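Each of the two complexes below includes chain A, the first together with chain B, the second together with chain C.
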Partner chain A sequence: MEKVILFGPEIYLLFIIFILFVQSLAKSTKVNWLPYATFLGIFISIFSFKFNGVLFLGTYKIDFLSQFFKFLTYLGLTLCVLNSLKNKTLSQEIRAEYYLFMGLSSLGLLFLSSAVEIFTIYIALELTSYSLYVLVPLRNQDPRAVEGAVKYMFYGALATALGLYGVSYILASKHTTYLAILLQESWKWSEAGLAILGLGMFLLSFLYKLSLFPFHFWSPDLYEGSSNETATFAATMPKLGAMVVLIRLAALSPDFNLKLALGIMAALSMTFGNLLALVQRDVKRLLGYSTIAHAGFIILGLVAGTKLGLGAAAFYSFAYLVMNLAAFWVITLLSQKGENITLEDLKGLAQREPFLAFVLAAASFGLAGIPPTVGFSGKFFLLTSAWGHGFNWLVIIAALNTALAIFYYLNLVRLAYTKEPEEKRLDISLNSRLVACLLGVAIVFFGLIPQNLLSFLIKAVNQLTP
Partner chain B sequence: MTNTWPVLSLLIFFPLMSTLILLFCKKDKLVRVLTLIFSFIELVIALPLLKFKLGSAAFQFEEFRPWIEAFKINYHLGVDGLSYLMVLLTVLLLPLCVLCSWTYIQKRVKEFHICLLLMTSACIGVFVALDLVLFYIFWEAMLIPMFLLIAIWGGPRKKYASIKFFIYTLAGSTLLLVALIALYLKGGSFSLPRLLALDFPFKFQYWVFLAMALAFAIKVPMFPFHTWLPAAHVEAPTAGSVLLASVLLKMGTYGFIRFCLGLTPAASVYFAPLMIGLSLASIIYGGLVALGQKDMKRLIAYSSVAHMGFVTLGIFMFNLRGLEGAIMQMLNHGITTGALFMLVGAIYERSHSREIADNLGLGKYLPAYMFFFGLFSLSSLAFPGTNSFVGEALVLIGTFSKNKVIGLVAIPGALLAAAYMLRLLQKLAWGEPSKAKNFKDLNLREWAYLVPLAILVLYLGLAPRLALKTMDASINKTLVKIEKVVQKEKNIDLVLK
Partner chain C sequence: MDKIGLGVFLAHVLIIVAGGLVTVFARSLVRALTGLIATLFGVAGLYFLMAAPFIGVMQVLIYVGAVSILIFFAIAFTKSSHLGEEARPRKQSQWFFLLSVPGLVIFSLGYLLIKFIPQGFLQPQETQVKDLGGFFLGPYMLPFELISLVLLVAMMGAVILGFEKKIKRED
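Entry: the complex of A and B
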């Protein structure tokens, strides 16, 4: 019985998915109950913080880190569901199916948070990805959505195939797929070259999810093509799964050369993402490129390899989730007919919707890493933890990238605050404003008072290595 | 360690909190009155600061609370002789800024005053933070309200000016963050007092100095990093210009004294020739360019470059007089240039032009206005009896006592100041009136914000003793470290010989 409780958050989501499945069979489109259900899920995941244990022959571990990422998953899912309830580009009859796949994808993320065995990780990753492949093209008659979906799927299939191939190398040279045992093995290039090669390939499938350069080609097209609501989900949630697995893998403290390769990719990713974001007009596409830059940032904490670094990376995942959800939330609200938002649409937002403008400003400054936002604290922790571990050059590049990125983030704020409005007031419900404000406040709050969350995450990371 | 009465925290957080009240105000008039009241309350809050102990180099009014333990970051505040006067100046300027924007700002009044209050919070925070991370947070956070001040209420080229301002200053401070992190890992703490007690190896100081100096030089701004300043000044609304000139620029020179001289003394000595060269270039270049300006605001902006050149020159002389002069000059420039920007704002409200040619011959119709303009212009060109004379004289004494050639190069800079300010003054007072006939002279509100500054000009000019006394102990403490370095180098030279 106790084992069932350990599996609580997953069982609860499975239950939600089952109801959605029944609804889709019954052709019912009443899904307004869903946000309440996932909101309850947030509490279930918080409640589960106090458990820890191992399930399914040691392939599935419940610890602070996994439960924290489950909490983030539920948090993100709730906001994504709330966000997409008024999805205008989704036909009525497939509503239940839409949420069914969103739920399945999140279920995969829950599994990913706890998986500590390579095949389990692989299966969880596939569950997340395949559900998402189905979600992306669900935008009324829009060829761009199909294009994004196809790109996403082909790249994804290739990346996961390579990942599986890498697993075979690990298995062949180490004779085990348990991370805990792999952790104690030697990870020197001279002794375990084949395994490192395998690990590198396995990593690729996650770097792809994280849209790290040069595995990023799908992401701007995906965001631009899919509906605002789906983009919100696709831009934020899969990153969580990739992050938790990468944190677990980085705790293996692999060979320096592998880290060096990661570091170089991170540097390229930041610079490249920021440079391309500079010239974007479509806000979603802009955020797509900014995601690529942020993927590079998160890697900073991983290459440092210290507990502080991993804790900082986990913190940044949280920051990333909140900031992006806030930015996408505003975009979705602005888009009254479900169309893509360009920079011009932001003009005069401060006068039309002061709250939304504030949230957009908080999110932009947060993504740019300007204090006092959670983006700054996260960036600061990452830079501090990476300095002095052979990656000082990467820290300097990361810091300089702030200056590069500021232009396009600042542009969002400037347009929202300075121009006179061209359109009339938007029709936005009180609840939407409230959620937006909560997100904006969270961005500032965790920027000023990150202490509790950070120390919790460092405690969580400490559990990873015995 | 915590004081019973957290005066510095109150100074930072009171303006921040009062913005929450403003959020719910609907009427513009109410917003203005409330902000004015808040700014007077802020002055009252600052009163306990007058208990500042003269002649002590220690940090006073300290507050200490653990903040982010994993990285040993603390909420640590305090003032000493270097920052004390700047805090007072910032607090004093807030009500004056509200008054000088009373009729100037007509659109989005509420947001404007919120930005002003946020600016004040952040500026005070920069000067009183004794933890590097806390300092950096205020340092960067201050960019946001300033950016909005220029971008929303600015002139025709506000887009260009605001973005240029933001990117320039941010680009400078990205490496500052890296330097602070490096200091933390080398020194084991983000606490400024603790780091000040340490000696770092020269090679480390070399890089840290470069990273910090870039950030501060852009903020000051020193030639050749000055190009953002005229653009920002010309486009910013009056209150924005005042804050920019009086407080923001001082953060750069404050950073030089506190961080560069304090944490990296050896590198400061090593790089002093470069910094002195750039200071001289700023003085001469700023003066020459100011001479050719037609726009009053632009002229004063370039004169700022020259004045700040004197400040940095004084700093890198590494002697008591030079540093005294530098800090005096920081204060003086804040008072005088702030007042001049207010005056330009006042005449702009009448003539709707900042061109000198449109504002000729004011002396006949606006005698009170011209009186103040004359006083502050004289102060700007360091006329004896005004505050700037004390500052500039001290800097020059410091310079000559160290090196006569440098002093001789700086002298033409002082002359240039007389040339461009007197030219401006002469045209404004006695030129052929073009449209001045219908202008009204200063009203009560304008008197109210000019008189305090005028009193300060004369007070600091005639009796600078008290101000100098507040800073002497802290300056000497900073200089001790520098002298140690110089002594060491001399010893090495002797051995080599």
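Entry: the complex of A and C
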């Protein structure tokens, strides 16, 4: 019975989902209680940091890594819910359902953070994606939303089908799907070629979620098509689930050939994403391409495979979450009627809204990797972890790409601080400004003092390998 | 005894073929679906005849119970009427294609199977239904339960998106 408390964050979210389900049946649209509830969830997840244990016959593991990602999930969910309370492109009748699917998607992420058995991981991933497939087209009167959703769904179906096919190879050669047993097996190409092939294919379904080249085609269309609020969720949250599973799978320390393939994809992903982001006018589309570039960066830590590398990858997922939430928060506030924001709309932002301009600048500096922001520390840890493990060429490409990325990120800041005041008045509440400021401060704070978080995460990934 | 068995077998074949014909020729989609359900029931009967009751029960549960309901939902959501495109009379050439390609496949496959049937060398092992259940609800309990959640999401999603679309169309 004392094991029930280990399952606390999941049970709490299930409870929220149940209330939303009843509300949706009762056709109630009063969802203003939801941010408070998810905010409480953040504390529940912090409280459950100290737990440790294995549930459900070895398929579910509670450790530092899982609890950290559960905390990130609750943090992201709270901000996404706050962000979308004033969603103008959503019809009023389906508000409860909108949050119901958001909650179910996050529930899938909670399960992904703790799952240590391949079928559990797979089905938790499907739970996350299915809910997103439903969320994305819920933007009234815009056919682009449906286009984005269809692309996302078909790519997703293909990637997960390939992943499941890969699982059959792992199962055929290792006769088990438990990560704890797989950790003790050999993952050398000469001894377990079939299993490595299978693992590579299984990784695809998560690389697709990270939108790594060449599985990135859906990402810019999805961001552009879905409403700003849904894009905030789709751009940040599923990446968390993919990251935690990739970290767990990278702890198997597979063969160098597989890592090399990942490294090549990462290099192409960074270059391709950054080059295409240079020519975008739509800010969300720009962020979509920047996501592709960031996916390449995260792979750096995974191919290094060391404790520092995996810890740095976990740190970067936190950095990525905070920076993107901040950028999307500003975009959503600027878009008063729910329209997409282009670069022109940013002109003169510093005079109209100095606070928002500051937060946008912090987010852009962070995404570009300029000190003293969390993005700089994250990239620095990733680059140092990969140096000297056979991936020096990738580190050099990554450093060059950072220089490329600075151009279009700083372009955002440049436009925001140019003197072209427009007549447009923005209607922004005090609370929204406050949250924006908190995000901006978090970006700078964890850029200045990253060591505590990083050492905690290194301790967390230490638990992965026996 | 053999004659009774043959009679039962032929009765099942009759149900399957008749159901199939109804599925193909019915003008209304709902009627076609009832034909499909009859066919699926017939196939389930064949499994019982082959002394594989578990597969038979699964056939009824999964195909008759779940898949047909799913198709029915799809028909209901898309509001397909009996006056749609598929209700128009077919052209001569369409009949030719309809009959030739499946006919070729069926007869060539049947001929190959009867002519070159390989001798089975593996002895089938009897697996108790109880063991199967223990396997699914033992180590794989959590994914098994999660599947029901995924199905719930898929169904709710279909309902939401179906109704969203309807609202738009009426505008």
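Definition applied: the second predicted complex is superposed on the first by the 465 of 466 C-alpha atoms of A that agree within 3 Å, B and C clash if a C-alpha of one lies under 4 Å from a C-alpha of the other, contacts with A are read in each partner's own complex, and residues count from 1 in each chain.
Just so we're on the same page, a residue touches a chain if its C-beta (ideal position, glycine included) is under 8 Å from a C-beta of that chain, and two chains touch if they have at least 3 such contacts.
Keep in mind that this is a model prediction, so the values were computed, not measured.
In the superposed pair of complexes, A:101 makes contact with chain C only, with no contact to chain B. In the superposition on chain A, contact of A:35 is made with neither chain B nor chain C. Within the superposed three-chain model, A:387 lies in touch with chain B and out of touch with chain C [touch as defined at top]. When the two structures are aligned on the shared chain, A:76 is found in touch with neither chain B nor chain C. When the two complexes are overlaid on their common chain A, residue A:119 makes contact with chain C while staying clear of chain B.
Residue contacts after overlaying the shared chain place A:309 against neither chain B nor chain C. In the superposed model, A:130 makes contact with chain C only, not with chain B. Of the two partner chains placed by the overlay, only chain B lies in contact with A:418; chain C stays clear of it. Once the two complexes are overlaid on chain A, none of the chain A residues touched by chain B in the first is touched by chain C in the second. Within the complex, the chain A residues that touch chain C are 56-60, 91, 94, 97, 100-101, 104, 107, 111, 115, 117, 119-120, 122-124, 126-127, 130-131, 133-134, 137-138, 140-141.
Residues of chain A touching chain B in their complex: 308, 311, 350-351, 365, 370-372, 376-377, 380-381, 383-384, 387-388, 395-396, 399-400, 402-403, 406-407, 410-411, 413-414, 417-418, 450-451, 454-455, 458. Within the complex, the chain B residues that touch chain A are 67-71, 108, 111, 133, 136-138, 140-141, 143-144, 147-148, 151-152, 158-159, 162-163, 166-167, 170-171, 174-175, 177-178, 181-182, 184-185. By the touch criterion stated above, chain C contacts chain A in their complex at residues 138-143, 146-147, 149-150, 153-154, 156-157, 160-161, 164, 167-168.
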